[in-house]
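For reference, the structures are reproduced in the following blocks.
You will see two complexes here that share chain A, one where it goes with chain B and one where it goes with chain C.
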Partner chain A sequence: MSAPRVWTVAATQLRLMSRDRRLAWLTGLLALVMLASAAVGQSRNAQLQADRRAAAAEAQEVWRSQGPTNPHGAAHFGQDVYAPVSPLAALDPGLSDHLGVAVRLEGHSQNPARERPVEGGAALSRFGGFSAAWALKVLAPLMIILAGFSTFAGERSRELLSQERAAGASSFTLMGGQLLALSTWAFGLVAAFTAAGLALVLANGAAAADMLAALAMGAAFFLYLAVFVGLTLAASASFRTARAALVALLCFWALSTLAAPRLVPALAEQLHPTPAAPVFEKAVTEEAKNGANGHDPADKRLAAFKAETLRHYGVTREEDLPVNFAGLALAFGERNSTQTYNRHYARLFDAYEGQARVQRWVALAAPELAVGPLSMAFARSDLDAHLRFLKQAEAFRYRLIQTLNADVAQHKPPADGPYLADVGALTRHLRFAPRPAALGEVWTRQRANALVLAGWAALAFALAGFAGLRLERPQ
Partner chain B sequence: MLTAQALTKRFGDHLALDGLDLHIAPGEVFCLLGANGAGKSTTIKLFLGFLAPTAGRALVDGVEVAADPIRARSRLLYIPEQVALHEELTGLENLVYFARLGAVPDASPRRLTACLEEAGLAPTAVHRRVSGYSKGMRQKVGVALAIAKGAKALLLDEPTSGLDPQASADFHDLVARQRDAGAAVLMATHDLFRARQIADRVGVMRGGKLRLSFDAQELSAQDLEAVYLQAMVAEPAPLRS
Partner chain C sequence: MSRMWTLLGLEIRLAGRDRVLVWLVLGFAMMAVYGAWTGARWRVERAAAIATVAAEVEEVMAAKREQFANAAPGEIPFAAMPQVTPFRPVLEPGPLAALSIGQAEAYPYAARMLPLSDETLFDAFRLHVDNPAVRASGRFDLALVIVLLMPILLLAATYDIWVRERERGIAALTLSQPIPPAAVLATKALSRILLVLLPMVLISAGALAAFAQPHLPGLIATAVTVFLYGLFWIGLAVAVNVVARRATTAAVACGALWLVVVALGPALALAAVDVARPPPSAIARTNALRAIYLQHRAEVRARPPMAERIPAPRIPDRLRVFMTDIVRLEERKAPVLAKYDAAVAERRKWLDAARLVLPSVAVQDALDRIAGADADRAIAFQHQTLAFRGQTRRWLADRFAADAPMTEADYRALPVFRFREPDLQTALALDWLVVAAGAAGLALFALRRVRRRPLLET
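Here is the complex of A and B:
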């Protein structure tokens, strides 16, 4: 293959594409749609962020201004924490509209996240699905197909091909040039997407990790579009007629981008079933309630813990303990109920992981299933980001409640009433500050999807190259 | 320059070309006559390396086409019945494109504009998109490429079919000029009149076989037609082998 000839073919093809009014209009429209949806997403995210900050500040204020109160009463009163808003979710909202953003933290239970944006948010989230990432996942491949299906196929194209070959370029060289041209066009779209991502990150305080995440999203989408570039040109060079190439490519597009993402969840649910939310909640709540919670004096586990505590302090009566046993009992109960919740949640999360494995396997047949999770993961709008928020909220809840329980344990109740404390001052050092997963962690979890996508791109280019060689082979 | 040695092509049971032996020297025009399906286009495609010979070999300037088709094509220029060009490019842009594909040493727009004008394309047409070109104008772009490339051999597959008489005459003038510049020309055609006018030698094919070949100028147009028609229906007595 001759590099100058490849470049000549690519430059000429790009010039032809730029002069194709329909393609130019469609490209402009797609870029406009992507940038407009990014702008709308940013505006919506800014509103969500402001709302959540205000709600979190209000919740903190309510918590701090309780005045003298019983710490365990405060544990039952609870406080709300809110999920962070990722700037890149403006490009790919992923699952964020369908997952709760607020968790009520209280003693004895791990509450599910609530306030899903889809329930009360803008119409955009209720109609669902539309975003800059969606445009790249669904519309851009379609445009690649429309731009490239007749490159080699069809009688007219074959006459031109004969002349190009007779002029001195091999079919392999021509294929190289066409791959370069269509990839450059795809790169332009991805560059616009990535630039929008970087602009969003800059507008939100410019975290280096988010910038790298925007670049990673761009790289993932470029690999994804490269799959369609390779397959489109391979089909164009392999089918006798342009119509046959178009039909085959449209079938693949529809299966890969429309059907597979809707079929895989059903398959994953069949293979790794998860309980419905009310069923799960009922099961875990019942088991937690039936365990030691520090409130039931007749509970045998609590009685054993009390006996052990008395033995530890070398006394025989609760009144002789140097600490308030009620606080120790509450901490003991909190440990038990937390273990129960963690066990149930671990099973649930394992099922989620099993479903993700199913998706990764099916991605071997449908590249959209590899790029979708990659994009959501780097945008931090996927299930992992949500679960990370829940785990951090739970870790914070446990520390908060156990801090209150420890304070109860340190103070015996006065004779004239319950022990009261300023819980705001008591928990001033505890602050919920959820941190997104480090980029390395996201990469580790998404490596399989990235490899599948890279494999698809390599396969598509290899097929295109092979089809180019076949065209060169004399009949 | 163009040599066929027992060149044979079979498509399944169909013998498309049967042991063709041919040599066209530099500065010589050889016209292949014959009905559709006689084997003319197959011969040209074998010289281009688009088809693989079943037996025998085709050589261009000593390069065996089947062994190194790209090198063989670098010495050739191919003009089919309808020169296919990129419709959304101008004549000059098309020529620049094809010249660069052929690694023409000087593919600068200035030189290629001169080549287009030498091929007879009006200066006003050079920068127009070829979607508005007539067939004759397209053929001129093809000839301009031959001029730019300095092709040692021209393979012309019914290049004047459908051209008006003036355009056809202009085209043959251009081919004659390439011949005079030393190019070997193999032209498949149905146009007996032009063949007699331009060809140094004429061959008549039927059923994949070269039935006879002779010096064209030795015959009048009427005689040529008679010989051709006779060759189409029966095994002729060779005029000159």
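Here is the complex of A and C:
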């Protein structure tokens, strides 16, 4: 196989593809769908960002304007914080519609995120929207199949193949040229996608990490499309008729891009079940009340804590304490309830991780299950990004509530009513500023999916090469 | 007519020998059973969650009974104060919930309610702790099998219903028989209806009957929906066959149309609604309501202490004032809530309109309604719960007026929430009409095409 001949074959094939009006139209349409959805996504993202920025300022204002109030009452009133919007979510919104955008931070409980955009839908909502990433995941492979299934299959193609071989080109060279041509076409699509991603990042203030993330998404999608390029040409060279090649490829496409992404999460959920919200809540409440072992009632724990505190201060009566015991008790209760919640959430997140593991294993049979999580992760619209936000919100909540409890502990209530404080001033130094995961961290978590994709692409190209060699045999 | 019967017999014999059809029907049966099983499993989980919620009332009542038992003679325990009477209105899943999970996870299915609860009474049931990645992928229920996968199988069985004969060169022989070309096509379509669609209809209804609670009208409605939807797809395959000249072209066209009807079309419609009627900001609404609450609280705190009546009533006057305050607070919140609710309702109207043009959405809607997992039922639950809250408030006001604290016996005669099912027939008929019109339109297109351009013309 000589490199110049491969280039010649590829250039010829690309010229033929550009002359095929149907393919040109479909490519144009696909690019249009992709870029239009990126533009719609960007407009929606800008709206969401503005909405959350305004809401965050409003929530701060509401918190500050409580006036003189009891700090523990303020802890119950709570403060809302909002999930950040990633610029690349305009390209791949991932799970965004199914994730709550606001968390109410309050005493005694770790609330899940609320206000999921998917709420309040109708039958149409069940179908899901499209995005640039969806176009690359679902439509682009279909286009590759339609563009390449008849390359070597079918009588006309076989006759053409004989003529080309008679002209001195080996089958392997022809296969190499076709691989290069279809890969170039796929690269063009991915380049448009990546350019859109870079433009979005620039429009949103250009963070280097986001630019690298956009490039990583582009690389992942190129590997994914390369899988379909290799498989399409391998099938085209292996099946005797174009129809058989098309049916086999369409079956793989439907299973990989439509069936597997729906079936596998359901299977993963059966293998690693998660509780319903009321059941989860009841379990937490039960444990907070009776202790982790079920035989350590909260009252008993509090009594022991009180005895310990009195001993610590060398007094025998609560009123003789130099501090307000109610504040200490609240801090103690908060510590206990937080530990309880942390245990339950850790178990829940372990179940999520188990489900993700199942998905990674099945990705060995369906490449969409590898590229989907990888793209979402770099777009920061996946579950990991959401859990990171929740963990940061929880760390902030704990600091906020314990700051309020510490203030209660420092002030004994006056005789004529409850202790009141300016909670806005008290918590002025506390600001919630969620930080996205570093790119290296995202890469570490997604390395397995990237390897699966690379493996798939290598296998598909090897199959295409093998099928090219078989074309040398007399038909 | 007898020639048509002969042709039909021949078609059925030929198609019956095609093993692919058997595999297609078997594949559908496996997926349908799995989908119905998934739906049934979801129903059991939802019923268990509802039982947990309902049991909360019993826990509260046990604590109240203890208070009554421990009260000194003549003492009125806190448990006797009627404003803390707990209610748990719940939306039970429908008998055919195994058919579709639909919108049941996008709306609250219960409320934690006291007579004076505010608008947050549904909030606990808007929260979910299951994996959002699983939800985002879409539940694999029977409705998904019917709406998304059944069309692929039907198209696989019918995509070359006529072009295959053209390619094999026997079309001319078939058309030389004294039967009109349109009747030939109709007979071929009828054979696929009998051999593929009818078994699919029976399998859908059978799988549902096996995993759901008995409900004959719902099963019949499901069968009608599946049949009409199947007719639409067979009609689409016939329409493609009168246009396409090669089986490969027909396969590609059928695949592309499937993609348009079940994926691209709905996705575009959703994007259009998102642009034209974006969802109102729930977080802005929450902040506005919290600001109103703070203002109200400041006013209440600034009031001079209330003078107690002598002799003191059995239910303290501060509770009556509390109720008046709550009602006043709600009046203040009402404009914010009304504006938000109106925007949500307007958006839903737009979302709902998509089913008038997309048969796939109409069928999803029909199946959701039959399963009791549609948005209208969930919204009806919210409206009825709020109406019930109004009823409990009137009950509370009467008790305050009569100065009648609760007794243990009173707790056994509380107002009871009973959900009234919303009208199903009208919406279902509209869905059926859309799908039937789609199928009829395609048949009409094929008929006109055959009349204008003979089937053998190249």
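Throughout what follows, the second predicted complex is superposed on the first by the 450 of 475 C-alpha atoms of A that agree within 3 Å, B and C clash if a C-alpha of one lies under 4 Å from a C-alpha of the other, contacts with A are read in each partner's own complex, and residues count from 1 in each chain.
Going forward, contacts are C-beta pairs under 8 Å (C-beta built on N, C-alpha and C of every residue); 3 or more make two chains touch, one makes a residue touch a chain.
None of these values were measured; they are calculated from a predicted model.
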Chain B and chain C placed together on chain A: clash or fit? fit
In degrees, rounded to a multiple of 10, the angle chain B-chain A-chain C between CA centres equals 100
Which partner does A:Ala438 contact after superposing on A: first (chain B), second (chain C), both, neither? neither
A:Ala206 in the overlay: touching chain B, chain C, both, or neither? Say first, second, both or neither.
neither
Q. Is A:Leu348 in contact with chain B, with chain C, with both, or with neither (first, second, both, neither)?
A. second
Answer with first, second, both or neither: which of chain B and chain C does A:Leu364 touch in the superposed model? neither
Just checking: does A:Ala55 make contact with chain B only, chain C only, both, or neither of them? Give me first, second, both or neither.
second
- Message: Tell me the contact category for A:Ala276 with respect to chain B and chain C: first, second, both or neither.
- Response: second
Applying the touch criterion given at the start, work out whether A:Ser162 contacts chain B, chain C, both or neither, answering first, second, both or neither. first
Max touched-residue count on chain A (chain B vs chain C) belongs to chain C
Minimum Cα separation between chain B and chain C after superposition, in Å, equals 18
So the chain A residues that chain B and chain C both touch are none
In the complex, chain A touches chain B at residues 2, 4-5, 8-9, 12, 15-16, 19-20, 156, 159-160, 162-170, 474-475
Listed in rising order, the residues of chain C that touch chain A in the complex are 38, 45-46, 48-49, 52-53, 102-103, 106-107, 110, 123-140, 144, 148-149, 152, 247-248, 251-252, 255, 259, 262-264, 266-271, 273-275, 278-279, 281-284, 286-288, 290-291, 294, 298, 344, 347-348, 351-352, 354-355, 358, 360-362, 364-365, 368, 374-375
The chain A residues in contact with chain C across the complex are 33, 37, 40, 43-44, 47, 51-52, 54-55, 58-59, 61-62, 65-67, 77, 80, 82, 94-95, 97-102, 111-112, 114-130, 134, 138-139, 142, 146, 150, 242-243, 246-247, 250, 254, 258-259, 261-266, 268-269, 274-282, 348, 351-352, 355-356, 359, 382-383, 386
In the complex, chain B touches chain A at residues 48-52, 66, 69-70, 73-74, 76-78, 80, 82-86, 88-89, 93, 97-103, 145, 155
